[in-house]
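Lettered A, B, C and D in written order, each chain numbered from 1.
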Amino acid sequence: MALGFSLWCAAALLALGVVAVLLARNRFATTIIYSASLLLTLALLGNALIHLITNAAPETTILPLGLPWVGAHFRLDALAAAFLILVNLGAAGASFYGLGYGRHEISPSRVLPFYPVFLAGMNLVVQADDAFSFLLSWEFMSLSSWALVMAHHRVPENRHAGYVYILMASFGTLALILAFGLLAGPEGNYAFDAIRARAQTQGAWPVLMLVLIGAGSKAGLVPLHVWLPLAHPAAPSHVSALMSGVMTKVAVYAFVRILFDLSGSPDWWWGLMVLSIGGGTAVMGVLHALMEQDLKRVLAYSTIENIGIVFVGLGLAMAFQANALPDAAALAFTAALFHAFNHTLFKSLLFFGAGAVLSATGERNMEHLGGLIHRMPVTTIAVLTGCVAISALPPLNGFASEWLTFQAILLSPELPQWGLKIMVPANGALLALAAALAAACFIRLFGVSFLGRPRKPVAEQAHEVDIWSRTAMAIFAALCLLAGALPGFVIDALAPVVQAVTGSHMPAQTTIDWFSIVPIAASRSSYNGLLVLLFIALSAALTAYLVHLFASKSVRRAPPWDCGFPDPRPVTQYSAGSFSQPIRRVFGTLIFQEREQVFMPPPGDMRPARFHVELRDLVWEFLYAPISGAVSVTADRLNVLQFLTIRRYLSLVFLALVSLLLVLAIWS
Amino acid sequence: MHGLAFDIAHLLAGGLVLVSLMMLYQDRLPALINVFALHAILLAASVTWQANIQHEPYLYVTAVIALGFKGFVIPIALRRMIVRLGIHREIETVVGIGPTMLAGIALVALAMVVMLRVTAQADPLAREDLAFALSVLLLGLLMMVTRRNAVGQVLGFMSLENGLILAATGAKGMPLVVEISVAFSVLIAFIVIGIFLFRIRERFDTVDIQALDRFRGERP
Amino acid sequence: MTMINPLILVLVIPVGAAAILALIANYRISSRINVLASFITLLAALSLFIQHPEPDSYFLVDDLNIVFIVLNSFVGFTTSVFSATYIAHELEIGRLTPAYLRFYHAMYQVMMFGMNLALVANNIGLMWVAIEMATLATILMVGIYRTHEALEAAWKYFILGSVGIAFALFGTILVYMAAEPVIGQGLQSMVWTVLIERVAEFDPALLNVAFIFLLLGYGTKVGLAPLHAWLPDAHAEGPTPISAVLSGLLLNVALYAVLRFKMLMAANPAAIAPGPLMVTMGLVSLVFAAFMLYRRRDIKRMFAYSSIEHMGIIVFAFGMGGPLANFAGLLQMTMHSLTKSAIFFAVGHISQVKGTQKISEIHGLTETHPVLGWGLVLGVVAIAGMPPLGIFMSEFLVVSSTFSRAPLLAIPLVLGLMVGFGALLLRLSGFAFGEPVGSRAPVQASYVPMFAHLALVFVAGIYLPPALVAWFQHVASILG
Amino acid sequence: MVLIRDLAVQGVQMTLVLLLAPLLTGIVRKVKARLLRRRGPPVIQPYRDLIRLMRKEAVLAVNASWLFRAVPYLVFAATWVAAALVPTFATGLLFSWSADLIAIIALLGSARFFLALAGMDVGTSFGGIGSSREAMIASLAEPAMIMIIFVLALIAGSTQLSIIAEFMLSLAAGLRVSLGLALIALILVAIAENSRIPVDNPATHLELTMVHEAMVLEYSGRHLALIELAASLKLLLYMSLIACVFVPWGLAPMDSAWEAYALGGIAYLGKLLCGGVALAIFETSIAKMRVFRVPAFLGAALMLGLLGALLRFVSGSF
């Protein structure tokens, strides 16, 4: 019943897309479409929540669509329900935010039809239960998000971003088709339960490689991440929130469904590879984020970092599962799922904030913003909560999932293999480094754009955004706080999923007193988000009260001291580039081949000094540029064949005939 | 059917291959046309001989078409045309005569190898005929490929088509042979008129004289 | 109607129409008659579903060709509707004069007759004559614009076509020679249904040579790689309805002929397996055409190369063999002809509105002509093999079954698909998006044919009618 | 009854920590002055400074936002909670179960996060210098700290600080190479985190060298008092962390008798004294490093921590 309901909602979303095409000219189109998709996503969310909470049995249906002899299989089990919740929570938030943000959209007729279709695509991917409908909805999701990325197609960068995105997306899909080809075997039984039935005892390592390419490219693992920072900022903000916060999780779902559920038992070195890719992705993502000036590109790169953290958790779970340690695997897998859930919350919140700044000031470049705290109070508080959450700082949810991941890492000395013994602590260090750099990155983001003095007049005339956007941000900020304070509830909600995937689950958390969470044993480690939050709040309030009771309460406003320099110009403030200069010096020379040139004018010359930083994206230079170069060289060389004379074409035909006859002569 | 009848048919088909090789050898256009006329006549002889062996009256029609149309009408038209277009002087081949002849012989050998593998129970005449037909076809194609001049290529195509007619007549009892030879003759007529109408001088692809490679589909 | 055999109708109507149209000079009346004739042929073809004539020595209707007859007459009908409005507009602009158009409609019907005859022909000689008639008709129509490029394209098509004819004929003669000792002289040893039963006893060596010549002969008409030279120029220089029919139908008919002979070869165990030959030619065409897509400057020539790429995929699928790959090949043939003709309809509108076929001069279509722009986007997305459109299902089946049976073959296949996809999307984001350029005059010609095709492909992507699936599966099993 | 006793002990711990912090800073300054052959201010001078600042009015920049005014309280509260959780004279305190060592370090991280934001709030270049350098130092110090926590957790089998202290108390770990590496790394990180001499000079206002001082440049009056107190609390925290892990003797075990607590208290005071003197001696014996030598300094700490963790991972005996 629940599955039928959610399939009907997905179909309604598709119908909504068609309605949007008809309503394109209507003034109320934006409100109608976004409110309808909000209602539908909330219905889907509720349905999935009920299914997960009541730990209902998996439901499956077969529709007469899709491959003729296979039919379209759909399934709602714990794993699908968990990711449905995640998808529809992000989708509901984005639709709610869209009600306000959508009005500023310059070409609504290009966004409205594809938005509900994109949501439907994501919902269908999570519920698909056979290879064809899975890939159909997967590619359909990429197609609709490509159309959304191309919404502002007048800007050449957006077109380039859209092109790179759809190219990488279809490359990923081809990899997944190959993976399913291997799993389904030559006789082509593509239904997932048939695949499970014939899952080979020894894990097929090509499937891992192909799924890493297919799902990894969609999630944004390092060598395949180049499209993400191009495409996500190009889309309208609530769509980039969906793409970063939700679509990457659908890729994680695909990874988990195929490797944990469908293919046989993993080898130990699978975990090692996923772990190392995750660690590398985390650090590379955040280092790139520190070098960017554009708000949305920083958030896109930080998505790559968080996906790295999720994949470290998944890699650990694989390693534990390969060594038959189900409890440790359950902990690592819960940490990964919890971080994916948290990332959806705070990344959507931050993209909503970026959208609010964009609609208020029309600017995305941090160098032109500043002092927004005075002009956009509600957005500032929401974005501050998001920044604290994403920097994994204690009272909020980012820290809870990071803490669980560290606990999982600390469990790994029980792993016998040498490779894991070396790589797990190394990746633990990479993870810690990424977390610290993330904190620095978001101090920079919040400090440069929201604090200080406005650097451009456009930031000066900023105004608070409309009620819808603010409420959406407030809701997501509250959710971050709630998930940070009461992680026990989330962990217990995820228990059925973890049980289904890894065969065991973490001990029940909600029964522990004072709402604290104890991953393995009380003696080992425990963390209580609520108490930490209360302690800080109480002691801060107590100190404020005592200080205001005994110390002086008077305040005097005066020009800033600034060591006596009376220079009011805002340009003297630290900009995004200067803030990241120390970190760039430390990490940049190695990772980005960073070169700094300073052109000092000769004495007496009044022209300003020029400072130029040159960063190179090595992944693009050594992986993508050679490939596109090779394709264009081959295309040039083959292009000659278009301009031959008829005689030469005939000689081609002649050669073909003679060679075939030779084959025949030699053949027998 | 063995004995003399087989030998004569065999002789005529072999002669046809020999004349094809002779056509490869020519480097003067008028001479080439004359050799082609000989080629057509030999084909006509072979078809008439097949006709009376297989006692099929309609083969005579094909023979007459081959003799009349390709033996006389086309050579005369071509000769008058090359004088009008003033291309009767030189004939440049893409590759020298020597290598072309070697290639021709190699092709004949290839045809033999491919065809003779046909099992013995197929009657020997058909097998021999096919081998020779395939050789004539390959030589015709080789001529089309190694001649720069449009007329040379057309002659190559016609000799290729003669090979086809030889094969068709060799297939005893095959219906539609006459219709096919008529269709091909119409085709040849189209080509010759096409050349004459569009005054192709140098190569196939320059439709008219002043073209000189001006346009060949999206030249950059 | 039951007493008149629909098969006869399918052949007689085009011939009769051609005769009538040859007499009429006025363009307006002849275009209407053309549409009417095509419509009646479609009805006759559909009635074939109901009343299924028994195969005799000249005609044959079985599971394989019934689908293609209906597809041919459907696309023929929609193209005639499109050509009526398109050519009318061309007359207004003055690119075509009534004199040039004198025999246009007659030739159109001759071509339809040729293709229908080729599809229903049970006699392999008759099939050869029919395909040649259709080819000669299209050659004349390609040269209709009388521009220098059009004549040159027609001439190239003519010469290469003639060489292709010769090979196909030689192959047919060889098949006859192989059949004659077993089945006896005369008509009987050219009848396909008789051949298929007795082919096991034919002489394998003769059959091999025959198949090579047939593959190369009809392969030229299919546009496989080394023999493709005529196809891009014929598409680019001919009028758009002819490009649509060429890409949509003639390639299919030629491939249908190759399939008929592949069935023969598959039935004879001693003969050389046709699979590897077709797989190599398919992959060569796929990869070659994919790379050639990048440097094209003319929009129709680009989609011509895309047709070569898709024919490469289809021939590869049939070369792989097995029920899955054959089903995918048949499905892709149907979907490709529908999608490609829809794209050429859109391209026809664009070239008329913008007055050019140069890709560099067409930008921002979704801005200036939203319906046309998004129709073209849908078409290109379909031809690139993206879901939810039909070609994704066939490419999904081909790629996954190939990888599980012969992983090494999957690598060039995936490379070709990716490179082709990259080129198509690069050009698409060029002309469908970006700053609009050129005239914004509204489009006169009707959209109905284009969106009818795209709707069919869209539905086929998700749901295939059981009858069609049963036919394709039955044929896939006998294709070997 | 037991709950009240535990609450009382936890309350004593929290007030004790608060009172001792300025004293520790005073001792360090006094010893440094003595080493430099000058008398130096009395040991209780920090208390006087705090009271003086409390009484003065707070001067705020014109464009300072509400965040600027809220940050001192947040920073002080976070540091105070963290300090309260580190065992000083007794282990197994009531609230110690709410946060383990990782959470304590993360609490300090959030304090640093808000302080850096406050630095950038007024929009002057000095705030920017301080915040960006603090971010760079933190980006290396925090991973080093987490590696140290890994080493301790792997040895003691838990990340709970009280359990680690008891395990160390029981000498079950014995002398371990990884423990030595962790100790050196912890000292390096402590110096960097508390902006002591080689990394940053706490006493100076010279633009080129200051990191912590640059962030709090705009603060005055009661806000500055709170931030100074928080800074000394942080120093005390690191001292008691080193003490409770590496010099655990004297720590009263869980809910033991009153005299054990008294003994623990005395031992703790002694440890603080030695730590303060050692720090003073170390600071006077070394000059401040260039800012871009700090990454190498902290990189060493990270490498030591990682090596320790690797050794623990590889086999139990390291």
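Methods note: a contact is a pair of C-beta atoms (placed from the backbone, for glycine too) under 8 Å apart; a residue touches a chain by one contact, two chains touch by 3 or more.
Note that this is a predicted model, so its numbers are computed, not measured.
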By number of C-beta contact pairs, the top two chains: A-D
For chain B paired with chain C, centre-to-centre distance based on mean C-alpha positions, whole Å: 31
Cα-centroid distance, chain C relative to chain D, in whole angstrom: 78
Cα-centroid distance, chain A relative to chain B, in whole angstrom: 69
Geometric centre distance via CA averages, chain D-chain B, whole Å: 100
Touching two or more other chains - residue numbers and ranges from chain D: none
Contacts with 2+ other chains: residues of chain C: 155-156, 159, 163, 205, 209, 232
Of all residues in chain A, the ones touching two or more other chains: 642, 646, 650, 653, 657, 661, 664, 668
Touching chain combinations (by label order): A-B, A-C, A-D, B-C
Touching residues on chain C, where the partner in the complex is chain A: 155-156, 159-160, 163, 167, 205, 208-209, 212-213, 215-216, 220, 226-227, 229-230, 232, 272, 277, 288, 291-292, 294-295, 322, 324, 364, 366, 370, 381, 384-388, 392-393, 395-397, 399-405, 407, 410, 414, 417-419, 421-422, 425-426, 429, 433-435, 461-464, 466, 469, 473
In the complex, chain A residues that touch chain C: 64-69, 109-110, 131-132, 135-137, 139-140, 143, 150, 153-154, 156, 159, 162-163, 166-167, 170-171, 174, 177-178, 180-182, 184-188, 190, 206, 631-632, 634-636, 638-639, 641-642, 644, 646, 649-650, 652-653, 655-657, 660-661, 663-664, 667-668
Chain A contact footprint on chain B (complex, rising order): 94, 107, 110-111, 113-114, 117, 138, 141-142, 144-145, 147-148, 153, 203-205, 216-219
Contact footprint of chain C on chain B as seen in their complex: 114-115, 117-119, 121-123, 126, 130, 133-134, 137, 141, 144, 153, 157, 160-161, 163-164, 167-168, 170-176, 179-180, 183, 187, 190-191, 194, 198, 204-205, 207-208, 211, 214-218
Chain A-touching residues of chain D, taken from the complex the two chains share: 54-67, 73-74, 76-78, 80-81, 84, 95, 97-100, 102-103, 106-107, 109-110, 113, 116-117, 119-129, 131-133, 135-136, 138-143, 146-147, 150, 153-154, 157-160, 163, 205, 207, 217-218, 221-222, 225-226, 291-292, 295, 302, 305-306, 309-310, 312-314
